[in-house]
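One chain, chain A, appears in both complexes that follow, with chain B as partner in the first and chain C in the second.
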Partner chain A sequence: MSRQGTVRSALDRAADRMLTAGVVERLGIGIASVVLAFVVGLCIVAAAGYSPLIFLNEMLLGALGSQRGIALTLRESSLYILTGVAVAVAFRAGIFNIGVQGQFIVGGLSATMAILRLAPFLPTGAVGGVALIVLGSLVGIAVGGAYAALPGALKAYADANEIITTIMLNFIALGVVLYLISGPFQGEGRQEPRTDSLPEYVEFPSLLFETGSFSVVGLVVALASVAVAYVLLTRTRMGYDMVTSGKQASAALYSGVRAERTIIGTMTFSGMVAGLTGAVFSIMVLGGYVDPQGIHTYGFDAIAVSLLAANNPLGVVPAGVLFGGLSRGGSFIGITTDIPAQLVDGVIGLVILFVAAPELFRMAARRTGLGSERR
Partner chain B sequence: MAGPDSRETVVRLDGITKRFGSVVANDGIDFELDDGTVHALVGENGSGKTTLMSVLYGLYDQDEGRIVVDGEPRTFDSPRDAIDAGIGMIHQHFQLVEPMTVLQNSILGHEPTTYGMVDEERARADIEAICSRYDFDVDEHLDTPVRDLDLGVQQRVEIVKSLYRGAEVLVLDEPTAVLTPQEVDRLFDLMGELRDQGTSLIFITHKLEEAMEIADRISVLRDGEKVGTIAAADATRERLAEMMVGREVLFDDEQRATETGEVVLEVDGLRVSDDRGLERVSGVDFDLRRGEIFGIAGVEGNGQAQLVQAVTGRRDVDDGRIRFQGEDMTDISRRDAIEAGIAYIPQDRLEDGLVLEDDLVRNALLGFQTLAPFVGEWFIDWDGVRDHADRIIDEYDVKPPDRTRLARSLSGGNQQKFVVGRELSHDPDLLVASHPTRGVDIGSIEFIHSQLLDMRDDGLPIVLVSSKLEEIQNLADRIAVMYEGEFVDTVRPDDVTEQDLGLLMTGHREAAGETPPAARDGGDLS
Partner chain C sequence: MSVAGTIRRNRLRLGVLVVALVAALAVAVWRDVALTALLTTGFVERSIRAATPIALAAIGGLYAEKSGVFNIGLEGFMIFGAVNAVAVTWLVSGGTAGTVTQTDLWIGLVGAVVLSVLYTVVFAIILLRYEASQIVAGLAVWILGLGFGPFTAVVIWGSQSSPRVGRIDAVSVPGLAEIPFLGDVFFDTSPLVVLTLLLVAAAWVFLYRTRYGYWLQAAGENPEALDTAGVNVSRVRYAAVIFSGAMAGLGGAVLSVGLSSGFVGGGLTMVDGRGWIGIVAYLFGNYNPVGAFGAALLFGAADMFQIQLQTINVDVPATLTGLLPYVVVIIVLAAYGRTRMPARVGEPYESEN
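Presenting the complex of A and B:
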């Protein structure tokens, strides 16, 4: 047998192995990847002259070591799950919505402003609080959806590449929101770009955890969005059209899918989830709205979350929790030790790379046609 | 024809076995090619013909067995080794560099050099010598870029290229699939000439008449095994078909529809452009009645695809009118067309007809995702769709009968049966079938044809586009021949021969052949 043939057949076997792996196997591979990445990452930490044991200890302590740590991990996880769903739905339909961050920001500001402007007309207290949260969220969803529908329409009717338009709209969102909160929407008597604070009664109830910036409600909203996206994609006509378009656009057109409508619908749904994330973030975490340049880029990290989850809404949950834990543990290390942030980010990046590698390999195998015909 | 018995064996394959995972593509195949003969290798798609020849040509390593060339056992790690041993292969898809000239393509990889430079004069002389020896016309085009030549000439360039590399054994993989009948005749003349001058040829085909016409001996493969080898003189169509399929195959010409009903489809002055805005359908008119098959013949790329897409709502119409069941359907969407009962077997099942990475259940819904009973206002009844997929698999004999298989993993014939089954399962009012048996094995062709005729007899009007003249002639009640966006002529199948149709396909209105076939090589086949 020639050498080329040997290499090829070894690759074929590996591709088959990866492509036929079941859910349990994939989870096992994922956990093994995390462990392996930490082994490699900690070697680097040691080589840089820091204690790998302290690194690992602080990472775990920060993410899981206290009630507060767990609450913050779950807060980050909820936001990664929500934005991850927004990205995953679009990617599944073959549309690259890179604008989740922008939709998240405009959705958040809209929810904040809706609550602030409606508050005088509603009773204070728990009833008014719930009503304002619902109304504010609906406005956030609507504005996020509309902000994503715009690049959707540009793609559908003017064939404008959505990657470029959504990235441009991210910048526009940053600029416009910063202008608004430094001008027309700036809080009374404030020097910095910031809106008024939300009324105290507009907050999620602190069930189970006492930490002010996390409520189980946020996690429930995230899981509910996962369920909705999953049902949408697997059980509905719209979802069938979306997934078919993503897999094979020509076959979708043959089957009578109206490409324009599916593109705009997909972008709108994706943007609605991003807008909802913005509302949750402003109500649960910020309690108002701040300079968007200082807000963490959940919308961009969500692209990695979604890819890690193979663009499957259900997979977004473990992927989001992993990101949440790493993010929380990483910032804790930054506070409690003198290990430089770059090193922490490097190790986190390594973990993500290792966990994503099998999926990247699968994508590459599908694309190059490795593996036997029978999958 | 030469007596094969007295000949020396140039290539012998002994017990070749080739497996892909758990699939045995070739199972202990013995094969002998005698010097200066044409040996046809026939079999259905997926029977292992191309795999066997790829082993011989060094593209695959066999798992068992050996290759003996000129009496010596050989191992080929790559086509280069095979070429060095005097074996050339003409693939279905030509391996030519389109922007390069015929001369450059012919010598590619084996350029004669003087002081390290390509010696073009010597190359030219060598190629011209080959052309005059075998009476090829390729030397007329030596400085023409390959992309400007039609497929027949490109194929001859491939043959010249192999001969230039010193091939004494030529493997031709389904060489007639891309040719018009006239060009097939011409290819056979060339093959005869090559044989008479001592080249040995292996001719892969699934067209039985062709094998009987040109070959000295015929070997039949079925499911990766060799069924047998017979002398072409002893072969009949029935015997070969039985060997290929493993049971008796009926070739009886079907009865034409005698009674047709009211007009269902009226197409009037239709003009349609392609994606680049070039007009591809230039004023086509026809009517279709219930219980009638209207055949559209033509060399591919003469506007048939755009015509079909316009009728099925897949492409916008520039001008003209389409009326279906008395209603104007000129500007309908694909969705409207499906809901109006227009079923469509697309010409490319891999691109349009199936989602390759989806299982058969999801594929059973393709095109019908808005229709009862499987879909309500919002939700899909997947249990219902699963049963529906099982019904299609069962009624259309799709193998393997497993709805969880990905569409990609089925053979071409079974993919096509599934598509046909799905399209016919919704009780359509019109069927548009575009190349319904392309790349499909003979057993499935027979099955699909009988399904179409049954539906026709039940009153279904059918538009049948095909570049296979035999198919059109056997099935259609009327045949329109399309050339450069227009119908050259509309004829009754019994009134014309294949040769007449072939001439019409190249744009000659006088089917009797009064116009000299000047455009034979210059004709635009792209």
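Presenting the complex of A and C:
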């Protein structure tokens, strides 16, 4: 016991040091990555023959220029915060859950179908609506969690690399959901792959904003998931095991962490948040379920959100808001200009690339004499 | 390498294959399926064709990893290869679908590989000089491909996918093409299939029978020893990473102008996970180019199996049978997850002098 105690306190001290010492540097790297990604993006805009100034102007206008724009930015931000938390929890534990997109899709369809199938048994109106939203979300959370637990178990017990299994499960989710909504779950009388629409009374109340596809409730759910993830990681035994495994697997084993259980637990929790995102997305935005090929890849972009936040749930909030603005601005330029909206996806890739290489900025800082801290 | 030794070392792998085959046979007998209708010459030919892009990416990835660097970005480089091959073809043909010639398509293929080399040089510098996290940077390449692949298509064609530009013609060798089975599979097929087979053989010879191949393996297993022997470890790793990007780019180009007739950018693009499957192919092939090709063939066969099911009138929707390769990949990884990686993969190496 005493020995284990020493190891744990040593690890605690190391963790504290890393967290406090790194915050400023990490913030700097995050900001530098976003700025550099944007500069490269603007060069590509110019090289492809469009005006970088119009691009920037329209991005800002779309994201913040009107009440509707702000509502849509916040809608996207809520989804990025949720998926960002899902990714961050896993990355923090050293597990690369790249399958958040698949878990999000599977969770969304499950929530939709649960609501559609349960609706006849519950009263219509506000009470029934709330009950259906809660039940649907719980089903989405459960299915998302289960869909992530599978690659977790495969990693824990069969050593199957989770990056590849989760990516394969993304493709499988796309195919199976498309099959289901164009077959057994297709809405009555529909030609296109799409389920029935959710009953009108199953929706989040529109507070503050008029825009139908955004409700402050969505943002509140997102912030609540941040709080839960933060408490889980910092205040519970499970979270402690996860964070130590992520820092150093051998030290975690030595201090008594059960690796298999931690891996499966981490993946399950991550998938549950992704499943909840799916439920929020289908209730708040879609009002039914559509061809998942056409759904934005929140689960992939969330990798960038999480990395920018140094995989810290609290950091996911500002990173998610930034990406919400990027996403909304991106779809806006797709409509108002002839600059392809895919550019924003590319810029997100650049952000990930630069965040992956902190040395890039450390060397630049040393050359220019900026940020003359250690190293 | 005795045959018995090879079998002993690969008994788990072989076991997996035997169990899979027996299970497939049992299902076939149980459902009373005509086996001869399933295993046709056409099926073998289609499987090899479907295996080529996967095998090319796999050999690239295998070389990088042997030298001590993960190139998780194969999928992204394949997307760039696929779109660039069509884009270059389009530009040299003068910008109309009707005027594309065979020469244009070949120029497109080569152009895509050249561009891939340029991209990978930048990627290699970020990985090796700036010591980026290899996993995260590799994922970034995929996201970049998913963004800038369709972006390129929209800039040139105004849509996420290109128009049909045609594909590189199959070549039939007079005389040899008449041989039953072998003629159809090897002498009356796309020249890119033959090119892939030659590259697989060359990659094996280079890796196991030349000095440079030993350097490559030493860079991943014991870089200090290589350094002591007076070989620049960093240079070997740069060469391997750049080669891997070129091969993945070639794989993507083969997909768009060799097997299909243009670029498709919707969803997760036409590459649809083939780069990721390529990684599993070389893991399952135990880092051996010939083994990697064998594994790619397994995944290619899983991809083409849906056509066989249609010919014997098994009524399963194509959306579901199309998922077979992904399922097979997961089964392979679960049954054979534990691979022996090169000892020093993923670690930066800094020379003492």
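We take it that the second predicted complex is superposed on the first by the 286 of 375 C-alpha atoms of A that agree within 3 Å, B and C clash if a C-alpha of one lies under 4 Å from a C-alpha of the other, contacts with A are read in each partner's own complex, and residues count from 1 in each chain.
To be clear about the criterion, a residue touches a chain if its C-beta (ideal position, glycine included) is under 8 Å from a C-beta of that chain, and two chains touch if they have at least 3 such contacts.
Since we're looking at a predicted model, the values are computed, not measured.
Judged by the touch definition given at the top, the superposed model places A:S66 against neither chain B nor chain C.
Put chain B and chain C next to each other and count what each touches on chain A; the higher total goes to C.
Residue contacts after overlaying the shared chain place A:T336 against neither chain B nor chain C.
Applying the stated contact rule after C-alpha superposition, one finds that A:R235 touches chain B and leaves chain C untouched. In the overlay built on the shared chain, the residue A:Y254 is in contact with chain B alone; chain C does not reach it. Contacts of A:T244 after superposition on the shared chain: chain B is touched, whereas chain C is not.
On the side of chain A, the complex with chain C involves touching residues 44, 48-49, 96, 98, 154, 158-161, 163-165, 167-172, 174-176, 178-179, 182-183, 293, 297, 300-301, 303-304, 307, 340, 342-350, 352-353, 355-357, 359-360, 363.
Contacts from chain C toward chain A in the complex involve residues 72, 126, 130-133, 135-137, 139-148, 150-151, 154-155, 160, 266-268, 272-273, 276, 279-280, 283, 317, 319-320, 322-323, 326-327, 329-330, 333-335, 337-338. On the chain A side of its complex with chain B, the touching residues are 1-2, 4-5, 16, 235-238, 240-241, 244, 247-248, 250-258, 366, 372-375. On the chain B side of its complex with chain A, the touching residues are 20-23, 61, 77-78, 313-314, 333-335, 337-339, 344, 346, 351-358, 362, 365-370, 375, 378-380, 382, 406, 408-409.
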